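Letters A, B, C and D mark the chains in the order given here, with residues in each chain numbered from 1 onward.
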Amino acid sequence: MAIGEGPGSVTTYDAKTPLRRREEVIADPRARLERMMEIRHAEQKIRELHEEGLAWGSTHSCDGQEAVAVGIAAAVPPTDHVVGAHRGHGLGLAMGLTPEQLLGETLGRSVGAVEGLGGSPHLVETSVGLVFTVTLMGAGIPIVAGLALAAQVQGSDRVAVAVFGDGAVNIGAFHEGLNLAALWRLPAVFIIENNHYGEFSRYDRTTTVEPPARRAEAYGLPWTLVDGQDVDAVIEAVGTAVATARSGGGPTLLELRTYRYFGHSRSDRAPYRPEGELEAWRARDPIRILGDRLVADGVVDEADLAAMEERCRERVEAAAAHALAAPVTDVTAMFRHVYPEAAP
Amino acid sequence: MARLRMNQAIGRALADAMDEDPTVVVFGEDVAAAGGVFKTSVGLLEAFGPDRVRDTPISEMAIVGAAVGAAMGGLRPVAEIMFADFFGVALDQVVTQGALVHYLTRGAVTVPMVVRSSVGAGRGFAATHSRTVEEWFLSAPGLKLVEVSGARTAYGLLRAAIREDGPVVVLEPRALYGSREEFEPGEDAVLALGRAEVRRPGDEATVVAVGQTVGIADRAIEELGASVELIDLLSLRPWDVDTVLESVARTGRLALVEEHPFTGGWGPDVASRVGQELFGDLAAPILRITAPDVPVPFARELEFRYLPSVEYVASQLRTWLDTGKLPAPWWADIREGV
Amino acid sequence: MAIGEGPGSVTTYDAKTPLRRREEVIADPRARLERMMEIRHAEQKIRELHEEGLAWGSTHSCDGQEAVAVGIAAAVPPTDHVVGAHRGHGLGLAMGLTPEQLLGETLGRSVGAVEGLGGSPHLVETSVGLVFTVTLMGAGIPIVAGLALAAQVQGSDRVAVAVFGDGAVNIGAFHEGLNLAALWRLPAVFIIENNHYGEFSRYDRTTTVEPPARRAEAYGLPWTLVDGQDVDAVIEAVGTAVATARSGGGPTLLELRTYRYFGHSRSDRAPYRPEGELEAWRARDPIRILGDRLVADGVVDEADLAAMEERCRERVEAAAAHALAAPVTDVTAMFRHVYPEAAP
Amino acid sequence: MARLRMNQAIGRALADAMDEDPTVVVFGEDVAAAGGVFKTSVGLLEAFGPDRVRDTPISEMAIVGAAVGAAMGGLRPVAEIMFADFFGVALDQVVTQGALVHYLTRGAVTVPMVVRSSVGAGRGFAATHSRTVEEWFLSAPGLKLVEVSGARTAYGLLRAAIREDGPVVVLEPRALYGSREEFEPGEDAVLALGRAEVRRPGDEATVVAVGQTVGIADRAIEELGASVELIDLLSLRPWDVDTVLESVARTGRLALVEEHPFTGGWGPDVASRVGQELFGDLAAPILRITAPDVPVPFARELEFRYLPSVEYVASQLRTWLDTGKLPAPWWADIREGV
């Protein structure tokens, strides 16, 4: 096995923390709610760090898309392989990365998920199966086919999952990767996280079929359109697709409908959105939907919600303080891991 | 005179070209309604309409391929590839299709297309969005390749590229989009492809730089206080052998300031050619001041260490001028590539 | 207009010949039959030239696929733009290239379609709209979108046509090119020449939907499956698609079912074909189908057919003799047309 | 001892590697049932079954991407890209994805993949199927690049590449697939990446060649009758600086025989580095014997004129050895690039 055998990142938190955090999300709906709140707080904090001039460079927030991230993390066991895309803060935290790992990466510190060498679009944590994050549109799709091929050849029951944006459905790698995965009936799940926009273009201004997931038919694959604001719907759909893949039923293409509350990246004020669109989506806020449901079901009460929010706030603040206090990544780090160390 | 940021100068060049020639069209990801992610085409959609200024899907192969076809069909398309790293999915359309059409049709079809793209580090875009990948194009017969170094050259070379009857790739250092320069746009500002520019005269040594290293080299020479000639190469294919040779023949020394890692890029071609032509006439070995052979790191301190800085370039030049020997690069004592 | 303005090839036959030959094919079913025979003879001659060691290098014969070539040439006016693919001898002759141009190209002679610089997979003749031939799978598809874009922007009623193999439907450029053409409703027609095999792989062993043309639905485009052995069916389908494109109705994806009688290229004896497959297809030989029809309709009689065959044989023999007598392309030719001549 | 054609040696290397290591898998276009269009994988499907030996659709991006993923997932995939020109549609997966995974996961994930591909002219495949595009890979941090020169090195380097824990691109001159060489396959035949080989000793000059130019240079030196050392570079990234410098320091002269056009390719890096390191110690300018800067022409006479021939290499070397000056290339009097 190539994954997880490397020396791994040097971090000050416990190496088992991500897996523990992941197990919470898998096991407990309250943990899912809290994780969604944590993601929201982390995004807010990242914006602050940028405004204060402490963070820099490329970053993409996912406020509004938390149910997608947490739903995937809850439905996919940590032994499966997931490849994410550039807008991955939420997926990273949901899958188990610590806020320190995320904020450290954003700040270019040694405690970052990849030691500050990749930046926040490049989160990885192999202990929970987040094996790579791809920032070229759709490039992760054939890679996930390859991960699934490995499982198939090895006779493993591991499943490989690709998460990518609606913008990636028009790129060549999407086509080639899906065809290959379908042809070889690979144990893979392909997830379009349709937040309605590429950078500044609504998906229906660039994509010629509605819904985009219908493209699955071009490869003889099943597809499902899912309410990405409802974490339980996400878990259900992803879980079904993963189970199908695991039992030899081949790949599924899922489209999770969601919305990003902020611009594509920091400088984008999103002037291209039609009036009222943001408000309509905010009315279906994924945190509220799950919160209301858990309150209605008597699983939590309002005081619990407030306590969760407070814990998330504190956790994120502590993570930021910790990351800011951590050393800037050493210059020598850029020379490490360019090539694997030769066996001694 | 106008004082424009480089991205504004590019927008101005596009607008002037579209005014002059109705066959010029512009397309790419978010170049129309949003005016480009680097604001290099602001206002074009409003001025020239949705037929001539178009947003595309995220489909780099289709973008370049459509430019090839549109050029064959009689337009002068200017396509944008947002980050030059993305040519990794579309290189075929540039070098194996577009650049060969004229040859493979024995001159019956021309491909007057321009593909613009941003290059380089210094903006926190990390490993997959920060390379200058000039070597992907340098050896492509049928293609011309330029890299601009500021608002004035961006304007002048883009207008020249649009007038060219063959395909031209225009690389724009994205770290310079916000930098301003004063110049008079218009006919007189149009530059010639294939020509380098002497940016400062000198007689102790010649420095050749490209893109964002031109400004860095300029400040480094200033700091140094030596009489060093600075040449902005501008065109990478074909490059201006005559101007470089004339200068180096006079100064007896050549240093290159490259954003690219030591291996590959535009530098070795220039160094190797000058070494051949001026064999025996050089007073010192050719100095290549480059980035190290590693992926572009994200952390700000690392990214600016990766890039040749003014201080680093000055110190390298100083040692070399003083000793006539090659100084070790800053990373010499770090075990590389491990 | 960029096309046709260049200096053009230096040839000894009349520059108007290709257009005249094209007009015959458009106007007269007998000319279509004869052109199909000519293609068959030319392919046979090319094999001989290779066996005799006179020709060399890459070449791909299209015996069995003549109705596709001639049907397209008959349905598309010479003022439209066509981009072909590597297996293009038939399309070239059908569109109007002379046998000299084809054989000269095969032999690397100055009388070749592109002066022997491209080889027989790179036939071009702008006077009849064969503006380029692409030998990387599917790469012509976005180029044809671009040609159609030019027509659209110019307000011209020109249509652009891409002809490519069944092997090209799994490449990224197919996906990106069709989506863009559909999105912009470009005046283009995309033709899959499904001869059932890539190099040595049957199309259904690499492609996950049946028929491949159904992929049009992934771009909201109409598609048609056509009998590629019946030239009249080809003309009808291509004609309809071209008319749709010309009148602003956007692109169509056509699949013309056909079969290649020989291997992929010279060295291939096609051992991968199931027994009886070739014979079954030979029973639906496109030349025979049209010949029988014209005889049944009283347009030609058996003597006419024999005369046609004889003319084709003679024409191809004369072309071969002429090409062999022509000078080998001069070495300086490789330095010409690398870049357009600067305006004087 | 076995006397194998180069394509057989490649098949043997694949079979031996698959025997040795059950994680080795092979896939690409028509590599399984047909044994590869160049017959480099004949018999593997029968020997190792359809799980480990697979035909793919014509989807270069998926082929390389699947190799990246399969390698991340614990296999050692050997993917084939039929003609290296086709990397123009799949370069991203090699240099921007595969080569960066180890770095961007800080060593947590390795990518032990090999991508084999055929390169070069001399077989009548014309402009779009005949380039050696080494410059597309030369500057890619995280990647290794080799080019084989016959049956023995094809076997030895491929086996080494398969054992490497990072991604390796193996270029195979397709003109040599049918050429035979006698050697003993097996453990002792495995070569080390990063090492050049001295193919013939000499003390008047050093010639460095790669791929099919190794044999051409060898015959040219033979014809010349001079004492010229011939180095087969074999590895292009990283290249064996020590072996080359040691030789040139001894002989005082360096000539490169390159299949690539004069602009770009592996030559300028070697020439520029040697020029730097041995400044003042060279008895003559570094000679680069290359192809001209034009697309590969189809006509047989032209294609073999395009490629450096034995006679041409010998005559270039002779003039250079005799005069200490650079001879003009054969195309010097032809107006180029028009």
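The working rule: a contact is a pair of C-beta atoms (placed from the backbone, for glycine too) under 8 Å apart; a residue touches a chain by one contact, two chains touch by 3 or more.
Everything numeric in this text was worked out from a predicted model, so none of it was measured.
Engineer: Please identify the chain with the largest separation between its CA centroid and the CA centroid of chain C.
Structural biologist: Checked the centroid distances; the maximum from chain C is A.
Engineer: B-C or A-B: which has the larger count of contacting C-beta pairs?
Structural biologist: More C-beta contacts join the chains of B-C.
Engineer: Quick one: chain A and chain D, Cα centre-to-centre, how many Å?
Structural biologist: Computed from C-alpha means, the inter-chain centre distance equals 40 Å.
Engineer: Please compute the C-alpha centroid of chain A, do the same for chain B, then give the distance between them in whole Å.
Structural biologist: 35
Engineer: Can you check how far apart chain A and chain C are, centre to centre, with Cα atoms defining each centre and the answer in Å?
Structural biologist: Comparing mean C-alpha positions, chain C is 47 Å from chain A.
Engineer: Indicate the residues of chain B shared as contacts by at least two other chains.
Structural biologist: 56-57, 59-62, 85-86, 88-89, 92-93, 96, 103-104, 127-128, 141-142, 293-295, 337
Engineer: By residue number and range, which residues of chain C touch two or more other chains?
Structural biologist: In chain C, 117-118, 122, 136, 139, 170-173, 176, 179, 183, 206-207, 336-339, 341 touch at least two other chains.
Engineer: Show me the residue ranges of chain A that touch chain D in the complex, using the header's touch definition.
Structural biologist: 1-9, 81, 83, 114-115, 117-118, 122, 124, 126, 131-134, 136, 139, 141-154, 158, 160, 172-173, 176-177, 179-180, 183-184, 336-341, 343
Engineer: Considering only the defined contacts, which chain A positions touch chain C in the complex?
Structural biologist: Chain A residues touching chain C: 170-176, 179, 182-183, 206-209, 214-215, 217-221.
Engineer: Which residues of chain B touch chain A once you look at their complex with the stated criterion?
Structural biologist: Listed in rising order, the residues of chain B that touch chain A are 29-30, 33-34, 37, 55-62, 85-86, 88-89, 123-129, 292-295, 297-302, 305-306, 331, 334-338.
Engineer: Would you pull the chain D residues touching chain A in the complex into a rising list?
Structural biologist: 23, 25, 51-52, 54, 56-57, 59-62, 64-75, 77, 89, 92-93, 96-97, 101-112, 141-142, 144, 165-166
Engineer: Contact residues on chain D for chain B in the complex?
Structural biologist: 61, 85-89, 91-93, 95-96, 100, 103-104, 127-128, 133, 135-136, 138-139, 141-142, 237-238, 260-261, 263-265, 267-269, 271-273, 275-277, 279-280, 282, 284-288, 293-295, 326, 337
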